[in-house]
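In the two assemblies presented below, chain A is common to both, partnered first by chain B and then by chain C.
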Partner chain A sequence: MIHKTVYRHITVMEAVAIFIGSSFGIGILALPRMAVEAADTGAPLLTLCGLCLTLFGALLITLLARRFPNDTVVRAGERVIGKWPARLMGVCLAVFFILLTALGAREFTTVVAVAVLPRTPVEATTLVMLLLAASSVRNNFTSFAYIQLFYQPFLFIPSVLIPTLALKNAIFTNLLPLWGNGEGHWWAGMASVAALLQGGFVLGFLVPAMIEPRRMPQVLLWGGIFIGSVYLLFVIASLAVFGSMEIRNLMWPTLEMAKITMLPGEVLERLDAAFLAIWVTAAFAGLYTTYFIASLVIKDVLRFEDHAFLSWALLPFIFMAAMLPPNVVQVYRAMEWLGRIGLVLTIGYPLILLAVAWMRGVREERGLPEQADSTL
Partner chain B sequence: MTLWSRWMKPKSGPRKQPLPPDKVLQEYKSQKFDGHVKKALRLIEEMLGENDDLVIRDFRVCQTHDAAAAYFANIVNRDTSNENIFRPLMDMKPSAARARLRGRALREVIVKEALHHEEVYLRTDMIEVIEDIMHGHTAVFVEGCDKVIVVDARMVPHRTPEQPYTEQVIRGARDGFVEQLSTNITLLRYRLQTPNFRIKMMKIGRLSRTKVAVCYVEGLVRPALVQEVLDRLKMIHVDGVLDAGTLEQFIEDNHWSPFPQVQNSERPDKCVASLLEGRIVILTDGTPFSLIVPAVFVQFYQTMDDYSERWLMASLVRLVRLVALIFSLVFPSIYVSIIAFNPELIPTNFAVAVAGGRAGVPFPAVVEVLVMEISMEVLREATLRLPQQVGGALSIVGVLIVGQSAVAAGFASPITVVIIALTTIGSFATPAYNAAIALRILRFVLTILAGFFGLYGVVVGLILISNHMLSLRSFGVPYLSPVVPMNMQGLKDALMRAPLWWMWRRPQQLDPIDSRRLAPGAARKLLSQNSNTLDPVKPRRLR
Partner chain C sequence: MVSLSKRTALCRWFQAGLTVLVCLCTTGCWDSLEIEQRAMVLGLSVDIAQVPSDDSHFATERNTGNASESPRPLQVQGRPESEAATARATAKETARMPIRLTAQIPIPGRIPLGPGESGGGGANNPSQSVWVVHSTGETVTEALQCLQQQVADPLFFGHLRVIVVSREFAQKRGLSDLMDYLRRNPQVRRTLWILVSEHEAAKLLATAPPLKRVPTLYLISTMDQAIRLGKFPTEFLGVAESKVVMKGRDMVLPYVDVQHGETMLLQGMAFFRDYRLAGVVTGIPGVYTYMELCGIRQGGIVDRAQLPGGSWVVLQSYRRRRSIRLQMVQDQPVFDVYVHIDFHIHQTSGDPLNLSNPATLRLIERRESEKIISAQKDLIRRTQQAGSDIVGFGEFVRAYRPGWWDAHIQTKDRWREVYKTLPVHLHVKSRVRVYGMRAR
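Entry: the complex of A and B
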């Protein structure tokens, strides 16, 4: 099998950007509601736990990467548990990420339809979003990294600005008690939060292209710090502003927070439309990542040399899947269901791989060739 | 001849078309000059005799050897050829010894003792001689001589270097390139007097045989890059190259992109600055525009002024230019999406004013903006083509009167006119015309998207544009570097223009071999305390 040889070129900074870009996304809009529904005022704590679960998953991938620095997750799987089982898992992963992309696009365009474009059909906005993602998936991994790096400011500035400005209206007693009132269903809530961050699986494909795969823990650390602080900031701010009872009534508390926020200088009267416009970037970064993973997985399973044509080939399926749920309630039900299964795939699968690899003693030959295979 | 016989006359077959000279030339490929002037002249006559401006002047060298000069009448400087070719050759002192001279000896006497023109080539192949004559040289054939003596006495009308129209500066050199390659090379050599400065010449164009010079500084630029530029140029097989723009379209990386991937400039100082950064400059004969590769996006809003002004001012001005650039891209589309989709974003008072202005306008905002934009483009294109005297009048008529009456007629709202005007002015603030034009075109795409999807459409369009720019490369250099991939040294000259002593390295995205601009320690020395000789606090004896 001949692969195009590519040089290792992804720097740590670009890797962090990819990790962050993959985790920001549409999920943040509904995140406070999901956390509050599960744990009441314990939402920040729950978010923290969910983040820990995600980081645990990312850590597993990092450990796997340390063992197989020249292989993507799918290829490492083939070495550890054999060709066909790994391919089967690859197909599952691909289907999962296709569905995740579809539902992500649908969720975002639903928000867009409700908030700014009530008369535009959801099909049109979804198609535009998917076309945008598909046209970008054609790019190689280097451009993927560049694109993710370029959008970092557009992700960070609003996600720090909006919650900070909203804190003006905050009542901090809303945050108490820290562990929530009553029972709650913490495990399910944690899973829901972790499910928002499944784009982080892209790290498993990043390693063969990184200049220094050794420094993956740094990527994890910085990515974790940035993602964690933004997630926590959003949850804490909306909980403090709205209180746990009100948040349950809000579909997208983050968006509502943007609505009540005002920029100093009063140039813009309301920020929700502007926030949503900028949040297209975050939605795009998330969709791009999951779409990219889906095409990379398929490319690895089918041993294609290039993933470019897969981007258009997958588009009709993703679009159809995105149009399946009839309404927003169904979208969220499907997302919840898909997220749980996804956790089994994105955290469970690397865990199994690691355990089997450890028991069988499979590992990569030492030393890194400068020309990594592959993928990209 | 009777009608009958005319009918009966056998039809002649298709008349044989004579071969064009370049095809005939191929037949004479191996033809060498063998000392027979008559034979050589016959060939010249056959090849070029159809031209009425071909001159063949017979004369005699040393009163003994028959000779002839062949040249085109108007391209040769008459004074030079009279004084430097014919006079010395005809004035050669005859002697018995000289009369016996043949072959190499004869040639040496002529070239080394008589002919005192500086640029002389010796040719044997007739095909080369003919190319030289075409180029404007004078070919001198001497009976018995072993080679043809070709003298460069060409004179092509040229203008003097003057300030380029397209890239004016407030502070900086006032000379610009002209059409002649030789003058342009002079301008470069005059500014860059290092032995490392290299010029590689080649001829491109089957018929035009245009001279192209590839200039670079050895020891700075990677040899592989030079090789790639040369290779890309060599691949061009076209009949004629009339402008650097033609070359640009052959060597650029992405032919479908709206963005220019090669920079062009009329300024020798800009070229030298680029050479010093580790870029390659391509000069083309017959055009004052040079090409600079590789090009990244930040170059298109940098000017020479930025470096001659002090850094703080230069940075601010550059920032203004960048803002103007972004304005010219997104202003109309944001206006459309706010007016048509999200009027709640802007302050209520203003929204009411806008709505009042639009009260009589029958079209949706996007149609209004598009119509105004298109008429602005038409106006701009029209003033560009008009003679300067008329152009000024037209632009006043166009902008003031049409704009005013459009509002009065209820065709457009006053705010729209303001927006379009600001956009147009913004697009003029971009120093590079070709980059400005790309953004002008993309502005329409964004406006249409805004008409369909509001702010959502605008952002999708912007993401599409930036993704395209992020995946674009110029000779392998990422188009948005040094911003992405991030490079601290390059960033000092991207959004801001850092103090010169702080930019001690050349732009790293070009990967120059010698990356230091400043000598080690020079910046520290510069910043250390000066002795302040005339400081009044200082004792007089120390001054």
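Entry: the complex of A and C
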């Protein structure tokens, strides 16, 4: 069954850009602290494990995509486990991504309020971010891919520059022992790291739009390499510079690392404001993705032709959810719990689908061409 | 059809209006603050207020005043710690030791901008280019609030480069709450220097040698150049913050004093036990010894080695390398520290001495090594007595023997007990590389 919405425009490079853009976000600011709290100096190893978990999730989606190259995750679900159970899961996914968008926006504005704009109401900054995301969500998949691709340099330049420059103050013993002193909570920590990367679920919606769905493993490989190296670089650099004990003292170690970094020649003596200004794009890319997923899920569940009007319809709910947590502690607690529940949805659900599809032997009807329908 | 297009046009106008409105409402202008409306604090000094003030506002009122002068001589300069103050502190405990804060705020018009520019507001004397304000309070934040009462423009700490604390403050009150404030405030840089002053900190902040346009900038360039010349390790706030919370390491800060009433002397370093000053190392060799043990590559020390027969040579180190070997002997850590230092010879006592003789060079190297080893032993012994592991041997144990660390140590306090009797074997190898243009 080929839906009208199947149109094949996305190249592999664009898909990689989408995967990367979806995985970078404001969460990376607190990432070293989360990893260190879970595993002490084992933080880099923990991050690696978390990345593997994420890539495992992405692999499941890829396998699912190989089975159903013309269907999004939600529609594939309907074919595998039946209409209503899949719709129920779709609703769960939609709620999850709505909340994730809300908390992502809230986390970003909290950082901004603490670090640079103390007098600007959080409501105002949140609203701006959400408006921006909502107006972008109205675009179709092609524009989504273009926007993500366009912002790649803005993500990569600071994420390579800042850790590298900060390494000037690194102390090697801070990185040892590799697995950390004392007992850690590795599973919880891995889940927290993987939870930052849940935007990768967008791959499940990407497949029907890709020109060559069978090249998904390449997307996975390149995306994994880029995302993994940047995440690891941030964690290793901040651990080496601050040490595991000091990172526990820092709300946003990555931002603090930008603060300690000087451009050579003392052109800029601190990069935190510059970093935050550039990182708006990363926050936007992350929000855009989760918002986009939420509206795509709803579109698929309700069988709409187009998702555009959903963007404004969802905005009030997202904004209200973003304003719910009373303080920064609650923001992070909520993110932690939501992230773990989300892992059940974004990794568990594809796993179940694959298992059931394999047992029932459901797959794409052979002989149907993966044809391009360029109506959009 | 007409009505439809009309409605579309209306809709367009509505959308445009909404866009403009959103843009206006969400620009972040809440936080706009023009640069001339900020009172940039360049330097702060923190002392323990000598007058116990229950009413801090009262004290502030009295401390306000002709601020463009260098600070008033509140105490007799050079008096270490008055017995009265010590007695009072022990009696009242550390909880109530009001802070006396001095801030240096540059006066924009008075700072000469170019090198040739002079007399722009009569700023030949650097101390006149800043405004010095005092205040008192129970905590740093309260004292800063009192400061704000005296300054019209909002204080801005983004350019704060140096905080001078008096030794008394660091010893009795400790830097815990001050550093907490600095960690919390987003404006504060991590590359800020905290200097420990032997005597009154406010006095030190006001020392104004004519080299720089603003006194604080002179303090900063002193530290920057000291790092470049190999006189001092990089120990700014961010580094100290990291070290103070490490389980196997303690922080050191520069220890300075006013000399002849007008120059700042970087006389050594202060080492800490947690946030409290545990001792000071004065003199150039102390700091160099620390840098040798920490393995900082950049050398710079000038030292005189005495040879038998009354002759001597002056050596300057220019490069070092350090390696540390950690062994477990009877389930206790034992350290071997290998330091290799390369020297130039700058001067000798003169003629009978012949440097072209390899035996002489070997003798010089041996003498210098022995001297360095005894200095290193002395430093380690002193820090062991104080229970302050500034070199970070504990970090090596934690990093390379994690099993033993987790089984026996785990906390900083327990490491301190081990450190007090930690065997450290020192091995120093000196090498004279060249001895200048003279051939012998």
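In this text, the second predicted complex is superposed on the first by the 358 of 376 C-alpha atoms of A that agree within 3 Å, B and C clash if a C-alpha of one lies under 4 Å from a C-alpha of the other, contacts with A are read in each partner's own complex, and residues count from 1 in each chain.
Keep this in mind: a contact is a pair of C-beta atoms (placed from the backbone, for glycine too) under 8 Å apart; a residue touches a chain by one contact, two chains touch by 3 or more.
Since we're looking at a predicted model, the values are computed, not measured.
Undergrad: Kindly classify A:355 by the partners it touches after superposition: chain B alone (first), chain C alone (second), both, or neither?
TA: Touch partners of A:355: none, neither chain B nor chain C.
Undergrad: Name the contact category of A:146: first (chain B only), second (chain C only), both, or neither.
TA: first
Undergrad: Check the residue A:243 against both partner chains and state whether it touches chain B (first), chain C (second), both, or neither.
TA: Only chain C; A:243 stays clear of chain B.
Undergrad: Applying the touch criterion given at the start, work out whether A:128 contacts chain B, chain C, both or neither, answering first, second, both or neither.
TA: Touch partners of A:128: chain B and chain C.
Undergrad: After lining up the shared chain so the two structures overlap, which partner does A:269 touch, if you call chain B first and chain C second: first, second, both or neither?
TA: In the superposed model, A:269 contacts both chain B and chain C.
Undergrad: Go through the superposed model and pick first if A:114 touches only chain B, second if only chain C, both, or neither.
TA: A:114 sits against chain C, while chain B stays out of touch.
Undergrad: Identify the residues of chain A that lie in both the chain B contact region and the chain C contact region.
TA: 116-117, 120, 124-125, 128, 269-270
Undergrad: Under the stated contact criterion, what part of chain A meets chain B in this complex?
TA: Against chain B, chain A makes touches at 11, 13-14, 112, 116-117, 120, 124-125, 128-129, 132, 135-136, 139, 143, 145-147, 149-150, 266-270, 273-274, 276-278, 280-281, 284.
Undergrad: Okay, in this complex, where on chain C does chain A touch?
TA: 22, 25-26, 28, 30-31, 183, 186, 189-191, 234, 238-239, 241-243, 245-247, 392, 395-396, 398-400, 402, 405-406, 410
Undergrad: Within the complex, which stretch of chain A touches chain C?
TA: Listed in rising order, the residues of chain A that touch chain C are 41, 114-121, 124-125, 127-128, 131, 169, 171, 173-177, 179-182, 241-243, 245-246, 248-250, 256, 259-260, 262, 269-270.
Undergrad: Give the list of chain B residues in touch with chain A in this complex.
TA: Contacts found on chain B: 341-342, 344-348, 452-460, 463-464, 466-467, 470-471, 478, 480, 483-486.
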